[in-house]
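Next come the structures, one after another.
Each of the next two complexes has chain A plus one more chain, namely chain B in the first and chain C in the second.
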Partner chain A sequence: MPSAASILEDLSRAVFAGQPEEVLRIFRTGETEAFEAPSLLSALTSGLHEARKKLAAAAATVAEFLLSVDALHAGVGCLKPRLSEPQNKPRVVIGVVQGDVHELGAEIIAGVMDAMGYSVLRLGTGKGPDQFIEALNSSRAKLLGLSSMMTTTLPAMRETIERCRRACPDVRIMVGGAALDSSIAQTMGADGYAASVVELPDELERLEALAGSGEEERKYTDYERKIQVIEKGSRHGA
Partner chain B sequence: MALRKVIERLVQGQCPMPGHIPSGLLKSLAGLSHARGKVSRLSPLERVITSLHHKEPDQVPVAPITNAAARRIIGVSFPDYSRSAEKAADVFCASVDFLGAELIVLLLDLSVEAADFGQEMIYPQNSTAHPNYLNPWIRDVDDYLKIKPIDFRSKAGRMNELVKLCEIITRRVGWKAVVSGFVYGPLGVLSMMRGAGKFFKDCLNYPNHVRKACAAVTETLVEFTRAQCEKGVQAVTIDTLYASLNALPKKTWEELEGPFVREIAACIRESGGFVGIHNCGHGLYFDAQIRSMEPAFISFAHLPDDCSSPTELKEKYGEAVTMVGYIPTPLLVNGTPAEVMEACARQIDILGRNGGYVLAPGCEYPPNISLDNAFAMIKAAEKYS
Partner chain C sequence: MGPDRPDEFEPPEILQIPPTVVGGDPIEEKFLKRLGYGKKIDTPRHIRALSSSAIKQVLASIEPKAIVAFTPISSISKDAIHACGVSVESPLWADLARRSGHPITMAVLALTLGPLPDQDIAYEKTMNLTDRFMLHEAAALVVELLADDLSERLENHKRVQGLHPLHRFSPGYCDIPLAVQAAFFHFLNPPLIGIRLCDSGAMIPSKSLTAAILFAPDPPALSPCPQCDRQGCRHRRN
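And now, the complex of A and B:
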């Protein structure tokens, strides 16, 4: 009979190693029944965080990390009936803007946010502003994640940010993707930017601190200033 | 035989294939250009050849890779650019004549080959052509085993259009620039037929399925590559995106794609062309790719996995390969021309020393932005070399 600690370690290790089948096998043994759901979830997520650290250290590739995300999902799937809706993290809507078909980046980010305890609504690729607004309203999400991998879809990203900002002024908007950097993100009026999953937790922490600091007024003023920069840029044919 | 081919092309007013010129003679010509470049201006062709032989030309050559972006110089739509060799040729010629590109890479989009293998395509009005990922050709892993080489002459519509583009461009550009064809490596082609997320995992979970599909695809890719070379392009660039930390572990890449891109590279060399690589992934594997393909140049957007600075990159690989890059895409989108010139100056200073460098964006110049920053790159090469 494996010890309690070793079952949790095995789960964590299976996620780290990207072995969804191994995660499912451990759950099928029934030995996980002795644990509270939060302990099991914590073991699964710690495996993913270790995998993320390995990715950050350039000691793993995206393909290997994706297998870890799959392993985490396998475990969360087994736990789902025992898990209540996360209370302490905001709901999140994540999607890829209109015209862009690259789902991978958004999918990785969504996987990690799952692991961090966020309740994530995935919209998929090629979504227009109206679809994002509808999802934000129906889910009452407080955070919006937008991805764009192509420079040709940056105007769509900009329009989505503007429209969502007007329709849902309390929502924090975070962006990412190969076509962007922090400077472009700021110019477009986003609140946050993560170059990859490596920077994600720190950036989310910063956004949450911002949300709790009562800086709503200043945020809107900043936004207006950013819009002015964009309009000035577009007059120059940018 | 090779000499006859050189003479034939010279008579036609076209640049000979570099591989058909005896290597000693080519090296001497590069040496002469290097010396002449100290006192007079070289032609774009001389600049590129000198640089590829790791000697400093009069100024660093520029490959602005303004492929689809140059549509706007002459008002060609995205779908026309993607589907018509004549229209695309007008666009590439505009990048040479209007902008002053000295090395051009005939990349239209990354789905040329996948489309001919049956992948449904979308040709947007204002963006790059791409597969319809809602309808991938490869729906489950067993579909890899159904992929067969295609009849290149009759079934490869998009690839043959690109071959036609090679023919028109080499004729029209002549001595004004070095022209490189383009082929997406077999893993890239398969990912376009499957979707990147699932494909990454298949490479790790079902390597034998993927390897068999690679073999089938490569048979056609070799034919495609040879056809481009026969039309007179002086180089062919192989895109090996999956050889990077953005995608597969090095060992997996070497086992899965290495042998197949080696075959494509051998075909380019046999046909007399320079082998080029394009890889815009983070932490790309310079070492593994050099082992597999022995390229003349590598076009890249980020530092390789085993280098922490451009100085280290130059020290480590500067003698083995000519570097083409690596002005960041976000800087081109958001930076001022002055900022772009500053970045170019830094890269010329480090990577341009002793030749072996072509100034270029890390990836294709963003198609829908102003061309100001492409001009800034050209200007920077003049000013800071």
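And now, the complex of A and C:
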């Protein structure tokens, strides 16, 4: 009989090694029943954390990292019946801004956030600001993720950010994609920016910490009024 | 290939894929290199298997088609190359063209793998991120290899007529704006082979490309020295 520690280590190792079948096998043995769901989840996510560190150090490829994400996904799927509300993580709406057809980058981010315990609503491509607002309202999501891989779609991203911010002021907006960098993201009024999936967890953590601290500061360009705006404080207190 | 008159478009041509171009070991090695293997990271066996499977699936699903037209160049200004029926605004490319054997003809081409690769990559088809990523990358490689193959055919065709090819350029690369895509579509009519153009310049199916190649009677100089005024330079190569 494997020890308790070794089962958790095996799970973590299987995620790190990108072995979804191995994760499923461990769950099928029934040995995981002795553990509380949060311990198992923690073992799974620590495997992904190590895989992310390896990717960040350029010692692994994106393909290997995605295998780890799939392995984590497999484990979370087994755990789902035992988890109550998805780990207190906010609901998130993710989509590609109108005009862009490159969906996979947003999908990878959605897959990783899924695996991290976020409840993700995927809007796919070809959705305008109205559809994003509708999705945010109907899902009561607190986070919006927007992707753009083409510079020609940045005006659509800016409009989506502006409209969503006005319609849903409590929602935090995070952006990413090849057409952006942190400076463009900030200018357009996004709360957060991740250059790749490697930076994603840290950026999400930063946003969550800021939201709780009441020390948010956001600088952006109001294109209609042609002014630079600096907002300070929490959303409600600003 | 038809004569160099813009009113004589090549009819859409369905390409047969020569196995030597997009099959067998060479494509697998190119694919692994594209994924980041070879230099610093050795290829794990399971990644090799996944790569092989992705390439096979893509090659089984593609229905490659291309449309090509040749048009005489009327002038090359400081900022653009003007041909009959189509102009390309690109100061860098125009500068290169002026320095490269006085090009007289431009080939404009569009190529697509067809709609099936996009359908295979779609979230609705599989939630497995690794599979989707691999298929996406394999399809992107195949479309590039097919474009290389088509370019080579066009270049060989023109070499017989005593014309030398310059490098292939595509909208969105170098300083050629994506807006040029609309001019290419107006000139070529790629909807004839199933490619639709979005307002943003993106194409559907996503595994499609457009490009242009210039042809000149004189071979392009391999060194910049003939264009340089410093006759006495000790590094000069004539």
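Annotations
One rule holds in what follows: the second predicted complex is superposed on the first by the 207 of 238 C-alpha atoms of A that agree within 3 Å, B and C clash if a C-alpha of one lies under 4 Å from a C-alpha of the other, contacts with A are read in each partner's own complex, and residues count from 1 in each chain.
One rule holds for everything that comes next: contacts are C-beta pairs under 8 Å (C-beta built on N, C-alpha and C of every residue); 3 or more make two chains touch, one makes a residue touch a chain.
Worth saying up front: this structure is predicted, and the values here are computed from it rather than measured.
Partners chain B and chain C clash in the overlay (superposition on chain A). Of the two partner chains placed by superposition, A:56 touches none, neither chain B nor chain C. Contacts of A:34 after superposition on the shared chain: neither chain B nor chain C is touched. Contacts of A:111 after superposition on the shared chain: chain C is touched, whereas chain B is not. Of the two partner chains placed by superposition, A:83 touches none, neither chain B nor chain C. Using the contact criterion defined above for the overlaid structures, shared-chain residue A:122 touches chain C, although it does not reach chain B. Shared-chain residue A:180: touches chain B; no touch with chain C.
Shared interface residues of chain A, touching chain B in one complex and chain C in the other, are 18, 58, 60-64, 66-67, 70, 99, 101-104, 107, 150-153. Those residues of chain B lying in contact with chain A across their complex are 122, 124, 126-128, 130-131, 133, 195-197, 200-201, 203-205, 244-249, 252, 283, 305, 328-331, 333-334, 366-370. Within the complex formed with chain B, the chain A residues making contact are 18, 58, 60-64, 66-67, 70, 99, 101-104, 107, 125, 150-155, 178-181, 183-184, 187, 236-238.
By the touch criterion stated above, chain C contacts chain A in their complex at residues 35-37, 40-41, 44, 46-47, 50, 121-123, 127-130, 132-134, 136, 172, 178-179, 198-204, 206. Those residues of chain A that touch chain C in the complex are listed here as 18, 58-64, 66-67, 69-70, 73, 99-104, 107-108, 111, 122, 124, 150-153, 156.
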